[in-house]
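Chain naming follows the written order as A, B, C and D, and within any one chain the residues start at number 1.
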Amino acid sequence: MSEFEESGIGEECGVFGCVAAGEWPTQLEVAKVLTLGLVALQHRGQESAGIVTSNGVNPPTYNTLKGMGLVNNAFPPENLLKLRYGNLGIGHTRYSTTGISELQNCQPFVVDTLHGKIAVAHNGELVNAAALRKKVMRHGVGLSTSSDSELITQLLALTPPMEELDAPDWVARIKNLMHETPTSYSLLVMYTDVIYAIRDPYGNRPLSIGRLVPISKLHTAGAGEGETEGWVVSSESCSFQSIGAKYYREVMPGEIVQISKHGVKSLSIVPRPEGDLPAFCIFEYVYFARPDSIFEGQMVYTVRQRCGRQLAIEAPTEADVVSTVPESATPAALGYAQQSGLPYVEVLCKNRYVGRTFIQPNTRLRQLGVAKKFGALTDNFTGKRVVLVDDSIVRGNTISPIIKLLKEAGATEVHIRVASPPIRFPCYMGINIPTKEELIANRPEFEDIAGYIGATSVRYLSVEGLLSAVQGGIPSLQGKDGRINTNASRRVGHCTACLTGKYPVELEW
Amino acid sequence: MSEFEESGIGEECGVFGCVAAGEWPTQLEVAKVLTLGLVALQHRGQESAGIVTSNGVNPPTYNTLKGMGLVNNAFPPENLLKLRYGNLGIGHTRYSTTGISELQNCQPFVVDTLHGKIAVAHNGELVNAAALRKKVMRHGVGLSTSSDSELITQLLALTPPMEELDAPDWVARIKNLMHETPTSYSLLVMYTDVIYAIRDPYGNRPLSIGRLVPISKLHTAGAGEGETEGWVVSSESCSFQSIGAKYYREVMPGEIVQISKHGVKSLSIVPRPEGDLPAFCIFEYVYFARPDSIFEGQMVYTVRQRCGRQLAIEAPTEADVVSTVPESATPAALGYAQQSGLPYVEVLCKNRYVGRTFIQPNTRLRQLGVAKKFGALTDNFTGKRVVLVDDSIVRGNTISPIIKLLKEAGATEVHIRVASPPIRFPCYMGINIPTKEELIANRPEFEDIAGYIGATSVRYLSVEGLLSAVQGGIPSLQGKDGRINTNASRRVGHCTACLTGKYPVELEW
Amino acid sequence: MSEFEESGIGEECGVFGCVAAGEWPTQLEVAKVLTLGLVALQHRGQESAGIVTSNGVNPPTYNTLKGMGLVNNAFPPENLLKLRYGNLGIGHTRYSTTGISELQNCQPFVVDTLHGKIAVAHNGELVNAAALRKKVMRHGVGLSTSSDSELITQLLALTPPMEELDAPDWVARIKNLMHETPTSYSLLVMYTDVIYAIRDPYGNRPLSIGRLVPISKLHTAGAGEGETEGWVVSSESCSFQSIGAKYYREVMPGEIVQISKHGVKSLSIVPRPEGDLPAFCIFEYVYFARPDSIFEGQMVYTVRQRCGRQLAIEAPTEADVVSTVPESATPAALGYAQQSGLPYVEVLCKNRYVGRTFIQPNTRLRQLGVAKKFGALTDNFTGKRVVLVDDSIVRGNTISPIIKLLKEAGATEVHIRVASPPIRFPCYMGINIPTKEELIANRPEFEDIAGYIGATSVRYLSVEGLLSAVQGGIPSLQGKDGRINTNASRRVGHCTACLTGKYPVELEW
Amino acid sequence: MSEFEESGIGEECGVFGCVAAGEWPTQLEVAKVLTLGLVALQHRGQESAGIVTSNGVNPPTYNTLKGMGLVNNAFPPENLLKLRYGNLGIGHTRYSTTGISELQNCQPFVVDTLHGKIAVAHNGELVNAAALRKKVMRHGVGLSTSSDSELITQLLALTPPMEELDAPDWVARIKNLMHETPTSYSLLVMYTDVIYAIRDPYGNRPLSIGRLVPISKLHTAGAGEGETEGWVVSSESCSFQSIGAKYYREVMPGEIVQISKHGVKSLSIVPRPEGDLPAFCIFEYVYFARPDSIFEGQMVYTVRQRCGRQLAIEAPTEADVVSTVPESATPAALGYAQQSGLPYVEVLCKNRYVGRTFIQPNTRLRQLGVAKKFGALTDNFTGKRVVLVDDSIVRGNTISPIIKLLKEAGATEVHIRVASPPIRFPCYMGINIPTKEELIANRPEFEDIAGYIGATSVRYLSVEGLLSAVQGGIPSLQGKDGRINTNASRRVGHCTACLTGKYPVELEW
């Protein structure tokens, strides 16, 4: 239970694509691969899910399946059966927001153009969406949803207006789109028999490519290219394990990669403005991504562990035990314990069945608060001074009852150590963050945050500490002496806007 | 059980709109009026339903509710509660087609334009839809559905491209649209605080206006204009009764009517090409419409009764009793009985609970066929010669087991009398008809149709007989002598394309 | 729309059984026959449905399927597939009552006894249920439901206590039960490979036997016994048509019939007390049964028509047209029209999609009342004096807005003719009737019932008239001269308790 | 992911009861307390859930709510609203079994007796159920389910047969029941205004009592008896935290406790046969219970940790790291790590969204196996020798692909250490265990279990080691010198039948 989870902070989406290699029609059952791939990206979005497959012939037949809720609920068995498997396809899972469920916002978005259908799946948020919406509407196009994905499809179709005679140059259209909007997007565009995988020039959202091999060859080094059964592309590499794919590489910032049955081909890299560094979202490391995903050559779990170690260096504590707010903070807590030499114990046991209940809370239930989701493992901390590591404090109302629970159950001191810096600024690039006023770091109570939440002490990881924990493990940055390679560091950068207010591009509103 | 029903012949849609009169915010609960109005149009479409309401201020807030299935299922109670009632709104009910349910095809279609949102509900089918789709796609617009409604909204937004500075002249845009496509559409366009109600120049689909009055004044002649609580517009006037509205008038072929809180205003009539007559779909009279609806000043029930009378004149029978295939053929059967002087009896009792069952039919069940939906009221026909009136024979496989049932249960003769002419041609204007090859009237078996279906004899109403039954009751056509007023007849006309192959406009494909 | 329907008067249940003839395992798909049979009895109960099949070997395997709602909803396809078809089985459909749905009350009721499982399906209501419940509870048996069916199964098991050594004599136990409770029940008891079909000694509830024949032989007189594919037993013979069965005979009052693969065998007839006549519920004729069902050798439709004729004799009217409140009153209305010589027309068109809506009625909707379910076919009655035949007036609040609708739409007079006598007394034998105070016939307003409901005049059929209409058509009662055969009449009788207060047995409470 | 979970080993049920203290009607919202209490026991059963409340007056009104699936799904919001809250109530959550869902088996079981309704909720399995069923059936009682709960209610009602005049002595009836069946049951019996909480004489299943206090007093020592808001009784004390209750005490083996608004009262202790020790199920400690529950004065988590420590003593390993198969084996793994001095790391990351999917597995998916539920945290074990602690090996087919995954991802050795002895025998007291033939410990492959599952080595905890880990922490057993108090040990005992084949009572079949 992270404060992120409780506070409604969340990723906007996950995208996933698959192209069968070799002869078509394929035996690969692309729709099943897509579905399992999306299940592995489920933490990036639980509101709705969708997949679109293509048979890959010209003109192609597209089959679409969309539904509200988790992937396994969104695609009922009778509909999965109806879906022709296809030879390639893309899928999308969407973040849960409140309100009347809107199937029409569900991605992938498919539109018919003069040259046939394209399907688009998008993770991110266009910083200049408002201006772009005006632009397409000025052309006389009506927009039926508020989603960036529809906007992207219309921009691809619109600019320049289509000519009936020529085949469309989709790559040129994609480049054109990338020049019109600098960030934030990881994008899959399917057209007939090919998927284009695109990351914005700042590389703000992740996107990785994997290779499907025979299951028997999955973990052997020697599965040659000839044994490739298909290619997949995913917001996170954690999905590769569940479908039997090997990690291949990341899509680079600004890169357009074409994936077809013939393989993976880099078509172009749209550059950033001179002098701008990449701006990969640092919170993918801190919280959003699954710990077994790999970004920039390093495993997310290990980065979190380093954050915990760095935190122990920056904010050491006189205490008896180190523990975690399960489950997302565990690697940081283990890192803190290792660095500090204090023993790691579990102090809370999560009731995994507590979910959305229909019971209207009364006073008694409200008073119990989030603590009702946890059992206290009192033997492990009674009479002890506890360092409790969490990955964030957003509003401060989640950690507070947990501290109370621990203290009343016998902890003599509860020191909160947060494995990331305070969040102070909104994100305009795809993350759902409470308003500035709701963020505890911007409120008067922050002056005495320990008193406010009832902790013995509270310390955060510094921005510098976070950056060093993240960047210190990127292979390309590691010089022979273990120090950061200064040359390479010119090509590495992370977006810390929510912590520092420094946005990678100027915001236009 | 009509052959139409069994054969999957059906109307494409129903549309309904409502504007509260007087001061806003209204007490009228527009969303409830829309829902009940759609329930009364349910026979025009059971696949999905949708409503969109507007609060009518500038810029407006639109609220949308859509769902699959019957109106009462499509809008679950919790969602209806969430819907703000609004001061005006439009709704739509869609015909049931097969395949994976597609909520995205559900109307009304709402798009955001440079000048705000418009909502469109459409009944009909654009004869030149393919050419129009190409046109908007050539402009670089992607189309996300195959529905004419999206096409219409994009055409309204597109032509001419929108200017940011000026207010949009929606009426000009609507006229422009009407010049681009001659038929078939009855259309509701909602923009902020007004609904435009439009019928195509041929008047192919119906559209009527009603006036909401205090319930206590509903049936009194004297409810003055000042007592108007709101205005409604509906595919059929049958819906007025259920919401407490009085019939006001039809929208004329080619007319654009503006409905606002200030009342009903005719803005324009877009003319047909010189010499063309209107082409109101004659099957609205024969089968589609509810019998209590009023078209062209006459009640549908009465027209069907006249068809039965005319049939008795054209095809008299030596028989003992006249009966109906319940329920849609009953007025025609009563008309036949009255004209022929033969007694009217019921011979079949319909099991109203037989619906879509999940049971896979085995040989036994298949052999029972449609007859399992009916009980034979044997006392009424054993040992008798029966005239059985139906409203149509489409494929011939529905009436056949009914005849068998009657004969085996003791009818000595079964004479089929069909209260409409044979259907031979496809409809391109909004009606779902089997392919030409499936229509019994185009097949070799038609030579001996009586033998084929097992009847003693089969006779159809003639096209001329149908036209005279329909047109003979239109008030404006009745001269003082009871004969048709020749002058007026120049302004009256009906589409009989499915019977005669004469389409009101040249078909472009 | 009958007042019965609107007033919540309803039958308690329908029962249906089937045994495959010939060699087992059968090809008959007994579960499908049961399901379709129950669909045809759906008018007798919509709350829940259940079927139990047996493979018929010793010890038998029983399979049970139960669900809430209509038969087609209660048995979802995946469950129907799971059901092994069995060689025999019984089913039940239950009347809709309000409150939290209670699957546990759903029949058939199956219990395991020392000698194996028995399954029971029951239509009716035991007049001495309270005393019998006390009796079994005094034996130390707990009852888990309030249903008579569980009570019956426990009574069958309990009396006399079971002996382990002997085979149980179920027939003796059934007889014992019949001596403990005189009425009201039509009962199916399944045990291993046999179904016992039982009617109480008064024959209060109906029960008929049918014979499944090859579909091709369904309507031919010559289908010999050798061609029997199975036997069915049903609350009403209307279900035979839908499954391809021929009417065989009724179970007699007090009779225990054994149905097995070897055929139908009458085991015993438990007599009534000396001097008591049978008491078949007269409202099965008046309202509950489907018109194509056959009781006592006559078709229900024809009885209703005779009621209408008798009403025309008892209560003639100066009027222009005769009509019906659709649909259940139609045969009576046609009978009235035939007898009176007045023309029969339709004045109301029912919206078959109006059902349970989730919309909370506001004042406007409430004022519209039941009239929103009907369209007025004004052409047929404007300026005319209308005789409107209904089958009952229960509370008087349904017919009232219909009369208002007709008058305001132009009827000059509306004469209500009711094809049954006023209901004044509660039923304790299986019919759900409003309390005595709610019945209009017991209220002061009844003095001027015409004024109260707004009719020009109101007349009811007399009890004698009803009895003569019902009994005058029973074949065994018709002497050669057309008069009632006095000898036979000693063996015919009907329960008119709700009309006269004369209950067939003394009530114990 | 424990092998237990994957193998379908599971507890049969959880029970929960609540009585409001003080004046009635209570403000406590008993139904909400019951629901939340059941959510906290959800790990003991996910098939169905039910609650019954009583208003506590004489005669009482009982309200029942039952449903299939998880508690939050089983009680939809509209039904929870309908439930009157009541002043006391009991609830039940049932283990998931396969097959057609059977709502009728859902507990609590309520029956009406001569003296009113009793409700029963049961956890356990009667060892002599078959004989008892025969007994009640011989009395002439039919049993409608195969559940022990119905059997218990009928036994309570039956013996001795009820007398109408006297008030029933339920306690005598309960004692009578306890003499008829020695084990296994923890039972809640509600009658009007009181709940009887009963554990069988062997104490085979757990049952604990808690005290509801004002939330503000929840964790303070000083909440006096006077501040009691109600009493709860639960299969496990872990549920107390979620509803704001303090742990009070366990129900003793053989004890009948009466809980009323006046408090908790021990009525009787039914003894075991001379010389028999208690037989609390040792697998409650090993696997079933939630780690924060307290049995016999000790926390389950701590017992599991001790098992891990003991395992490290019995089966030390040359290795680099210790890890867990998440999540249930984590305390044992941490214990192993602490005892052995090896570092604890995480090697697997569980995808918490992988659940029941509708996708039909193809060859590729089947080959991936359980590994698709886990991500490998490779950085933590590549090139290392891993000790992987699991809580059990049941069939051996779950751990095998995990070992393969670790080895292929770079682990040089994988040593499996199992924190419990091999399971070899069936359980007849409430635990669902595969057949003897399916248990890996009974199969030839067990000879070379390491080779069979692909591990470098496999070692189990000994039965003696398990017993010492469990009993060594029971407070009453700890003498002053830390050694086991021999006197007290005569009153402590655990059922190890599934490990040793020694059942606490002779089995009658």
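Keep this in mind: a residue touches a chain if its C-beta (ideal position, glycine included) is under 8 Å from a C-beta of that chain, and two chains touch if they have at least 3 such contacts.
Since the structure is predicted, the reported quantities are computational estimates derived from the model, not experimental observations.
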Contact distance in steps, from chain A to chain C: 2
Contact-richer chain pair [A-D vs C-D]: A-D
Chain centre separation (chain B, chain D; CA means) in Å: 62
Cα-centroid distance, chain C relative to chain D, in whole angstrom: 49
Euclidean distance of C-alpha centroids - chain A vs chain D, Å: 38
Multi-chain contact sites of chain B, meaning residues that touch two or more partners: none
Pairs of chains found to touch, sorted by chain label: A-B, A-D, B-C, C-D
Chain C residues touching chain D - in the complex, by the definition given at the top: 65, 79, 82, 100, 103-104, 109-114, 118, 133-134, 137-144, 146, 150, 153-154, 156-162, 164
Contacting residues of chain A [partner chain D, same complex]: 28-29, 32, 35-36, 39-40, 42-43, 70-72, 75-77, 80, 215-216, 218-220, 238, 241-244, 290-293, 299, 301-302, 330-331, 334, 338, 343-346, 349, 351-359, 362, 364-365, 367-368, 371-380, 404-405, 407-409
